[in-house]
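One chain, chain A, links the two complexes that follow: it is found with chain B in the first and with chain C in the second.
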Partner chain A sequence: MSAWKLIRTYTILVYVFMFAPIAVVLLLAFNSSQFGGFPIEGFSLRWFYKLAENDAIVRAFKTSVTLGLMTALVSTTIGVLASLALVRYQFRGKDLVTTLLISPVLVPETVLAVGLLIFLRWLHMPRSFLLLLMGHSIVALPFVVLVVQARLVGIKKEYEEAARSLGASPVQTFFAVTLPLLMPAVFAGALFAFTISFDNITATIFWRPTGMETVPTQIFGMLRNSISPEINALGFVMIVVTVGVPLLAGGLARYFARKKT
Partner chain B sequence: MRGSGPAIDTRPWLLLTPALLSIAALVVVPMSFILVYSFYENIDLAVDRVAFQFSNWRELLDDNYYHVAIWKTLRLSVIVTVLAAVLGYIPAYFIAMTKFRQRWLLLLLLILPFWVSFIIRTLSWIHILGNQGALNGLFQWLGLIDAPLSMMYSETTVIIGFLHVFLPYMILNVYVSLDGIDDNLEPAARTLGATPWQAFREVTLPLSLPGLAAGCLLVFVLTGGSYVTPLILGGPNDYLFGNLIHDAVVSELNWPMGATLSFTLLVLLGLVVVIYSRFMGLNQLSKAFR
Partner chain C sequence: MKKMDSTKRYEILRERMGNGDVDRRTFVGLLGAAGITAGVSGGVMVGMAQEARAAGSTLNFEGWGGVVSEALRKNAFDPYEAATGNTVVDSTFGGETEVLTKIKAAGNTDGHNILHSSGVSWYQRWVDAGYGSELNEANIPNLANVMDAIIKPFRAITPNSLSAVPYDYGTTGIAYNTNYVSKEEAEALGANLLLKKELKGKIGGWADAANRAWYGALQSDQDPNNIQDWDAVWEKAREHRDLVLKYWNSGAELMDLLAKEEIYVTEAWSGRVAALQEQGHPIAYMDPKNGLAWMESMFVLKGSPMAEAEELLNFMLDPATSIAVAEGQKYPSSLDPNKVAMTDVIKALPAYDPTGTLQGLVFRDAVTWNPLEKEYTKAWNRVAKGG
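This part shows the complex of A and B:
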């Protein structure tokens, strides 16, 4: 089957297209050259040390992590409650509610950012960390709802009904039955929210208060001159945080799940 | 159904309150505000006056600068969408049809880029195509060229940057659609005498169109609303409508004009979403998460 071979080769090429640039950043992070690009002159960790000494980047990193964790907390809490309503109850206007909940992805992010900014201006409120937190949470909310909902559909209602018939209150049922079963979805949603916040630049450029930088805006600012090798090292760290941590968590979860059975 | 009789069950609404309040305060109300603000009058940097006048809208209608930007945005979004469909369909087909046991790995690799920082993925193309990039390095090492070729900061690099970031959306959506097709359909068409190509074109392709359409919608809307990619990978002439909004709000501090432009972009892209949902419904979009 030569057509199939052609399809396979094509697929491999597309995967190369997707991963070659990422691989290049990971590679160049260890280049000892004082320029950010090729050729590779030798292996060195010096840019990682430089990175750790760069106050602006360390501050941006702390801001991004704090913002990401808080965004995950806020959007996951709101999102889990909303998902419960959508999956466990029948009510009028459900389609409209669903559309509203995913509306932050339907509105172009640039427009969402400007709209919120103008609203705040009308309220005479200055840009603040709180604006970033609320904004990021709303950007992440649709994804949390979709992930949690997909999982919640698979949890049988009978478990909850059994708990209820044994005399548990709705709140008790939620914490003793639903939430533990839902935990992987909550975790996945939170991780998703963290990544979305940690990665966001489009809206962050509009929302951040003067002088506050997140990692992406910091990198964006540094790009104006040229790609310094520090950016490659920072890229390496970011990829490890946003890819390595979920992979490790997923891998561990799978490992422990296998051990139990 | 747990609700008893005609009385309205308040529990789902209680659970929905925080989410709906946030959406109302942070999305719905601000969206109406940009319309109100587009009638305000800009006086000076960051100074504007409450008014009901049409100078911003007139500027948008009269000034060719804005028309060019709309045209550029439309053109680029179409190019990126078509290329993403062409580039993405075949890998999606491969993943859906392969007997390869490590299919989960291919899928994981597809989701992985979502976790890699957008700005890192975008700027990484400077490492591939730039003067000190991998390709120039390779060509010089092979002795093909003496001085680095200038390949960066053009419309092409902007397109490549968009494709790189949005391709996984396309592949994932098409894959979800292809994966839902009964495995027996194509062989059935074959036994009835269809050639492999006929079987694909008349059975598989039509059944995968919803996924393809969802992928196209996402790529089109995401491209049309961007402004960061052209700033990183494009030259001075490679701007999108989003860049005008960014300039108006961040550089010129002309808020009424920024509001006018934002509302225009919202309507233009909203129109695309509405037309799509008339034909397809919005459900297909959420399937990729299951």
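This part shows the complex of A and C:
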């Protein structure tokens, strides 16, 4: 029994260690002092007001959300199709394709970023929003592929075969049988892609066209030379978006699943 | 002649129609044609149009974010855009290395025009890499108000023409908390205040390798622009490392550490200390003997639209603009105080030189330091990791 207690305490401590920094950022967003620190001097929403008034941050936020949503769309579409091919079909060089698809996670991001820039130079293409979208989709793709593949392996081929034997075309089978069964993984993959894009800074610095800022590059720029206390409030918003959205989505998914049964 | 953008062209067209010069049918027809052209060619043309704009009336500016960026946008770019109709696309960088990497990887300077460049070292680096432009000084009459002393090191690198105009300067001196360190003690110890054993755990330092080497030279009684004994430099860096609570990497971190009294002494950027003093923190600032001074310039990259860039630089060097930006970012302007009356705020800034000669300040000699960059960076990385 005492061993279980020990494990429980240990687990709680690990969670505290992991989440305390996040909790600190969340708390400090409401600190009235310019310099984040404890004890908190007073409760204030002034950094949130300042944040909303800062056009540069609002613009960066809009760019990040748009980019994140588009990355989710592109990488999920490609990722689902790639996973289908890899799980359902046998072809030569399959392992190589899998490795290639996963490689963006394995290659250091700076190398990937400069590599893509050099590739674009070869194509005579300037840096643009499209490049940024392409780049983010490459970075997010492995996560989508891994999540969707894992789910797809668990979906029996017999369901699809049954649909086909009843006269459904391959496309009809995909939309009526495979995709609905795959939906939780697709959704999870899309969320991963969104959050990865929303948080990315290293590669974004290299790929963004001049004049375009995402939230992380904006934060980096603001802190490099001087202090900007509205960053604490921005940190709050970032955490709410990157942690809150997936949690909310998961909660909603569970709610609807329960309602169905 | 200034380039006309599409909006202006449509406005003129509408005005002509209003005056009866163009009939309604032609007007609608032209608008329709413009719409079709935009729609059909949009996808292909967007990229080319961007390039065309970069070569015409759009200037891409990259610099520091936060207060610097806000000061420039408010006091320089917005009025410039209103006065000329040109556009300044400003964005932030984490440092010039980032921009140089991007330009080298892309193989051209597309999308990059003007940089808020750090010091003579970077001026030399950009010029050596072949990205220097040739400014026509006749188009920048306000350059006459800039201190001769601050232009001199740039001219030494490119004697025939400048690629940048010096814009501001500052020092990396020593900041100390007056509740724990007296002025007398600080001045007596100079750079060695950072090595005071009694302050162990309350000392900070800038993580920059060149800065560590500079202060190591000061602490080992060497001329930082003529270091003979590098071992002694790194020995002092080690001594400092063992007393340091934290090496900071950004202005935000520096201000945070000092304001919350996590550290009492550290090297510091003069402008950031000025910001802390303005907020009422008990932080004093001193430049030790041979303390590091630096200047920042507005560097125009090769391939930029020169006439527009020169116009912007002239605008930025206008006394009212330059002083407003200096007050915002808290670094003195490069304008000569003997020619331009400075405000009390500027006169009170740390590092401000009322003589306009900069003789009391020591700048990094790019010719000596640039070739050593790889070596001292490597050496410092070892020391930082405990070597």
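Just so it is clear, the second predicted complex is superposed on the first by the 238 of 261 C-alpha atoms of A that agree within 3 Å, B and C clash if a C-alpha of one lies under 4 Å from a C-alpha of the other, contacts with A are read in each partner's own complex, and residues count from 1 in each chain.
Everything below uses one rule, namely that a residue touches a chain if its C-beta (ideal position, glycine included) is under 8 Å from a C-beta of that chain, and two chains touch if they have at least 3 such contacts.
These numbers come from a predicted model, not from an experiment.
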| item | value |
| --- | --- |
| Three-chain arrangement built on chain A, chain B and chain C clash or fit | clash |
| Contacts of A:221 with chain B and chain C, given as first, second, both or neither | second |
| First, second, both or neither for A:206, with chain B first and chain C second | both |
| Contacts of A:35 with chain B and chain C, given as first, second, both or neither | both |
| Contacts of A:69 with chain B and chain C, given as first, second, both or neither | neither |
| Residue contacts on chain A - larger count, chain B or chain C | B |
| First (chain B), second (chain C), both or neither touched by A:117 | both |
| Contacts of A:168 with chain B and chain C, given as first, second, both or neither | neither |
| Touched partner set for A:20, first chain B, second chain C, both or neither | first |
| Contacts of A:3 with chain B and chain C, given as first, second, both or neither | first |
| First (chain B), second (chain C), both or neither touched by A:109 | first |
| Overlapping segment of chain C (options 99-107, 117-125, 189-197 or 279-287) - the one that collides with chain B in the superposed model | 99-107 |
| Footprint overlap on chain A, comparing chain B with chain C | 35-37, 114, 117-118, 121, 205-206, 220, 223, 227, 231 |
| Complex contacts: residues of chain C adjacent to chain A | 47, 50-51, 60, 62, 64-69, 89-95, 98, 101-102, 105-107, 110-112, 250-253, 255-256, 259-260, 271-272, 275, 279, 329 |
| For the chain A and chain B complex, residues of the former touching the latter | 3, 7-8, 10-11, 14-15, 17-22, 24-25, 28, 35-39, 77-79, 81-82, 84-86, 88-91, 97-104, 106-112, 114-119, 121-122, 134-135, 137-138, 141, 143, 145-147, 149-150, 170, 195, 198-199, 201-202, 205-206, 215-216, 219-220, 223, 227, 231, 235, 238-239, 242-243, 246 |
| Complex contact set, residues of chain A against chain C | 34-37, 56, 114, 117-118, 120-121, 125-128, 205-206, 208-213, 217-218, 220-228, 231 |
| Complex contact set, residues of chain B against chain A | 1-3, 8-9, 11-13, 15-16, 18-20, 22-23, 26-31, 33-34, 37, 87-88, 90-91, 93-95, 98, 106, 109, 112-121, 123-128, 130-134, 136-137, 141, 164, 167-168, 171, 196, 221, 224-228, 231-232, 242, 245-246, 249-250, 255, 258-259, 262-263, 265-266, 269-270, 273, 282, 285-286, 289-290 |
